[in-house]
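Letters A, B, C and D name the chains as they come in the text, with residue numbers starting at 1 for each one.
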Amino acid sequence: MERPLTKLLVANRGEIALRIIRSARLFGLKTVAVYSAADAKSAHVGAADEAIAIGPAQPAKSYLDIAAIIAAAKHCGADAIHPGYGFLSERPEFAQAAADAQIVFVGPRPEVMAALGDKVAARRIAVAAGVPVVPGIEAAEISATREFAALVGYPLVVKAAAGGGGRGMRVVAQAAQLESALGAAAREAAAAFGDGRIFVEKYLAHPRHIEIQLLGDNHGAVAALGERDCSIQRRHQKIIEESPAPGLSGAMRAKIIDAALKLARAAHYTNAGTAEFLVEGDNFYFLEVNARLQVEHPVTEMRFGCDLVCEQLRIASGGKLAEPAAPRGAAIECRINAEDPEHDFRPATGTVLHLSVPGGPGVRFDSHLARGAEVTPWYDGLLGKLVCYGANREEARGRLVNALDEFALLGVTNNAAYLRDIVASEQFRDAKLSTHFIDSFFSGWEIGKPEIDAAIVAAAITAGGAMGDIPSDGAALPLPAGAERRSPWDSLKNFELWGSRR
Amino acid sequence: MERPLTKLLVANRGEIALRIIRSARLFGLKTVAVYSAADAKSAHVGAADEAIAIGPAQPAKSYLDIAAIIAAAKHCGADAIHPGYGFLSERPEFAQAAADAQIVFVGPRPEVMAALGDKVAARRIAVAAGVPVVPGIEAAEISATREFAALVGYPLVVKAAAGGGGRGMRVVAQAAQLESALGAAAREAAAAFGDGRIFVEKYLAHPRHIEIQLLGDNHGAVAALGERDCSIQRRHQKIIEESPAPGLSGAMRAKIIDAALKLARAAHYTNAGTAEFLVEGDNFYFLEVNARLQVEHPVTEMRFGCDLVCEQLRIASGGKLAEPAAPRGAAIECRINAEDPEHDFRPATGTVLHLSVPGGPGVRFDSHLARGAEVTPWYDGLLGKLVCYGANREEARGRLVNALDEFALLGVTNNAAYLRDIVASEQFRDAKLSTHFIDSFFSGWEIGKPEIDAAIVAAAITAGGAMGDIPSDGAALPLPAGAERRSPWDSLKNFELWGSRR
Amino acid sequence: MKLTRAGDLREIDAEVISRDGGTMRVRIGDRQLTAEFTPNADGGGVLAIDGRRYRVFGARRKDSILVSVGPASLEFKPAEAASRRRAHGLAAPEVIAPMPGKVLMVMVRDGDLVEAGQPLVVIEAMKMETTLAAESAAMVKHVRVEEGQMVDHGAVLIELSPSPASSVRESAPRVE
Amino acid sequence: MKLTRAGDLREIDAEVISRDGGTMRVRIGDRQLTAEFTPNADGGGVLAIDGRRYRVFGARRKDSILVSVGPASLEFKPAEAASRRRAHGLAAPEVIAPMPGKVLMVMVRDGDLVEAGQPLVVIEAMKMETTLAAESAAMVKHVRVEEGQMVDHGAVLIELSPSPASSVRESAPRVE
């Protein structure tokens, strides 16, 4: 059953492609990057041993194009494909296409993905295994959905059946919004996952999001590597994740882990996956299984001292699951996104003009960014994951505050200051965690007044030329014929006071 | 006995100053940086809550000026001083001056430093505690030193009595070299430590350098946090360190730890310190105690999941030593130095024009460098420490090879490629560790021929303007009167082929 | 100098009153503050204001200045650009694409009267839908895009003119 | 073009023979190789030669080009500078400070005859003593520095002239 692998194609981009390449190299594999036209100069392309262009910027014609990726794998002689997260990672057709091409897919078998990766089918398995679920229904027909809504009451939550990561998810507060929410969710789901099926669930009042990291090998062994609390979400997407879940009782943890293992065994689950639950009071409800590596897997790695991508590769090559080490300390991750937290988290794009990355003890930064990197509108806005370890939660939290204070990124609007204020807050310190954390404590957040004052002074210094490089996007631009090369800042006479003294 | 601290002055510079500031902030202290004129724009100055200029570039007039540093601490109201390593860290007068000014010195008490920090006195304590030592003598008189040499035979090793870090150390192969070696060593020792006393020891044939991390509190508790193997040295300075020491038997480890604890108890040692030993076959010999934080402390931190600077601060504020966590996995550190490994490690200086820092799981980089940072000739050439963790040594080693492959630093000649080749070598993989490792396997090292070919091509591309920023040191230099602004590369007509196509 | 933060219409009136070495006296609106700037080797620096030290970086772009203060990053534009946008007596006379993306839905037509906050266009970028709404009551003068079209950052999607019914803001509020 | 690596007297004769997009044919000495360059967003790029990919960066300085290939960093100088140094038929007609530092010891005087490898000056920099030795047999023409003096990178410490007894190297060896 052992099948030694030699060359891995990474069917993804951004930080996760780079992260997979790093571990694949550690595991002894040659690595192949694939890239769209928009990513030709991206970090994962330079990091791999080979790089293959698979199509234009549009995801549907590149990172979501199964045929193009399988063709690339055959072309370069890759004997394994790692799908990362998002894109094709939970598409059974992709796993099947790899299998048909005699290529090892680093993930569960297609039939397991089909059963567990789909929210609707996964609920059936959970119910059969005796695992509690949130009341819900597949929203195939609007009349049945209305009936369900009348039964359980509003608010409801609308989700992509095939999805994950909060895409296509919407909360519906009253009956009048139901139809339009279903439409918008279906559109986003179709665009993001190529599958517009929608699922509707009862919306819990103050749940925590707790998930269990699972690993299963091809010899029937299944293991759980503790839990993660991912309650802190904006727009239904996680932005801060941690392990262990603070304040979770040992009994509750044991019950949830037991439920996750039951599910995994019932589904004959293999490779890495995550069982997600909502926890409210003394109850917990199965939510879904993400049949892939999770964005927030590093918190588990830091606590268990393991490398989940290496574990995935070991399992994929037929190896046996090793007994996980005992967990130690605590780890917290935050996601630095290209978005504007002062303006409803609207996506941002741009070129990185300056990047300061924190370092030192207990700090990990997973990112494909560097000075000069471009953030385009084509893909999701995850710029990097800052993860801190501590002997306990307070130490991990303190490190993360300090690391965010050391972080600086110029050129792409991002949420680092927002994350910093959340992690430094009393509410986070006191672990008042629920999926409504942001709405309860951090809606209407703004950059502090003293920081804005400092920024205005810094802008004056920059305008005067006493700080900052000349970025390539300004200086190198060809001027239209007849235009003068005159900076709008030339008129700011006050500020030349600074420049003139240089 | 508890004395809560509020503000810490960091009496050091470079990576260690930054590293101490990070942990002090985590511990809840305000931080004060001090800096010489050469370091005014350095990272530690920007990282602290306050920064105080203490003198000109010459170490004797700034970082070694006890009066200036104590005055700075009083001026800003610091109630504690952390000395880092090097500079004043092992000078009892400094610890005493702090005590006299009612400032907590983060380190052992002055009398303990005087007893243990000095090689000669420390040997006496070791002998009294029944710990084996290498045959040696204080070289106060040349005639007595000659007698000792005749007794134990050449080669001998000459060291600074007050020193550490290999400074002033010299191997003497034959009698004729003895006198000049003593002279040179005394000069370097006087310059580096303000104390020209010299010690001479028998030079062992194939010893490993094994050291024990010690912590002692003010309540009489002493703990050992495992060992580090620091055998890989060039010019008697460590460049690669790891924990655990590969292949060291459990029995030998226990004996060495026991000896280190005996010594620490005999000396009533407090705060962090390191007992260094040479191990040859079944024998081990006490070498010296470094009565301070060690450069290579991160490998211990990674393995034990602890923060040694926080432990130092806890101890200094009167706290009790916590039972150390059980160690896990393996960690390896390498020191990236501003030096030329192709030319006898001669020191290098310059301005950082580009820096690529590796990231991802198990990678830690402690450094004060950033693009634009200047490396001056005034201080030691440590640019940063790259430390990797692994579930076992092979994983840590593989990660370190990959991390070094991802590292790039332009503008200051450095040993990253040399370290990469060492860590990737069979000899290092097989842990053929002795203090002669470099002489045996890596003398005459050169950058590989394929890499030189690639570099020549890259130089052509750079000459043609298709790669690289225009660095500040070239473009911004004022030209001498009458000089033309003409690049020597203008004459390289072949290379304009590239430029002309842009 | 007069500037605005990107995405914010309030005008900031700031002035460097005096400078001595790294120490500068700055007026922001009606307030004055003293700031001390120490450059760092990495191209940024440290700004000390009221006993607090801020790590700052700056970069000039063609039409804006980008600044970071600790982990916060801010974009400033010269006020003249903002004034141009307010020329018609509207909070914003144009609906502009805040990022490149695809126009998913256009909810209005030429001549429509819209209220403040009314959704006008939905853009998709980075896998997220973003709805652009009217900043004040207005009349839709001209819809410049259609559904499915790709647009660049800064592209004008819809031109607005003052609504007959709306009360026109004469000047933008200032940051005190 | 002719260039040398800093600290190495051997001359490298290299030429870009042809170029098509990112693919170039390069001659180095008597050998030829094909290299493919892919720029990366960070200002560097990837160079593929003989099926291996090298991560490279480059920077131009006033009188040299700096290049990194993976973790290795190299400095190249135009060969003309090196030729100047060989003008007197010596391996090096001058002893030059390889870094800024303090002159700790001067071991020779004007007129001394020295052998290849003989120590001439000791410099201290970065807390380390570095001994500079004669690269070939020579006569000490002029000692320009004294003990205790601070010197800059590139400063001429000692001028040498051909030793009457030595065999003079006519040309520097080339890297094949």
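Quick note on the criterion: contacts are C-beta pairs under 8 Å (C-beta built on N, C-alpha and C of every residue); 3 or more make two chains touch, one makes a residue touch a chain.
Since this is a predicted model, take the numbers as computed values, not measurements.
Chemist: Please name the chain that ends up farthest from chain A once chain centres are defined by their CA atoms averaged.
Modeler: D
Chemist: Decide which interface, A-C or B-C, involves more C-beta pairs in contact, and give its chain pair.
Modeler: Answer to which pair has more contacts is A-C.
Chemist: Taking each chain's centre as its mean C-alpha position, how far apart are chain B and chain C in Å?
Modeler: Whole-Å distance between the two chain centres: 49.
Chemist: How far is the middle of chain A from the middle of chain C, if each middle is the mean of its Cα atoms, in Å?
Modeler: Inter-chain centre distance comes to 29 Å.
Chemist: How many Å are there between the centre of chain C and the centre of chain D, using C-alpha atoms for each centre?
Modeler: 53
Chemist: Between chain A and chain B, what is the gap in Å from one C-alpha centre to the other?
Modeler: 38
Chemist: On chain A, where are the residues touching two or more other chains?
Modeler: 47, 356, 370-371, 406, 469
Chemist: Which chain D residues reach two or more other chains?
Modeler: Chain D, residues with two or more chain partners: 39, 42-45, 55.
Chemist: State the interface residues of chain C toward chain A in the complex, per the touch definition above.
Modeler: Contact set of chain C toward chain A: 1, 3, 5, 7, 12, 14-16, 19, 24, 26, 28, 33, 35, 37, 39, 42-45, 47, 49-50, 52, 54-63, 65-76, 78, 80-81, 98-101, 104, 124-130, 153, 175.
Chemist: Note which residues of chain A are touching chain D in the complex, please.
Modeler: Those residues of chain A that touch chain D are 40-43, 45-51, 370-374.
Chemist: Give the list of chain B residues in touch with chain A in this complex.
Modeler: Of all residues in chain B, those touching chain A are 18-19, 22-23, 25-26, 47, 298, 301, 305-307, 310, 325, 328-329, 356-357, 359-367, 370-371, 389, 391, 395, 398-399, 402, 406, 469.
Chemist: Over in the complex, which chain C residues touch chain B? Could you list them?
Modeler: Residues in contact with chain B: 38-46, 53, 55.
Chemist: List the residues on chain B that touch chain D in their complex, please.
Modeler: Spelled out, the residues of chain B in touch with chain D are 167, 184, 187-188, 191-192, 235, 338, 340, 342-344, 346-349, 353-354, 356, 376-381, 404-414, 416-417, 419-420, 447, 450-463, 466-471, 473-474, 477, 487-489, 491-495, 497-498, 501.
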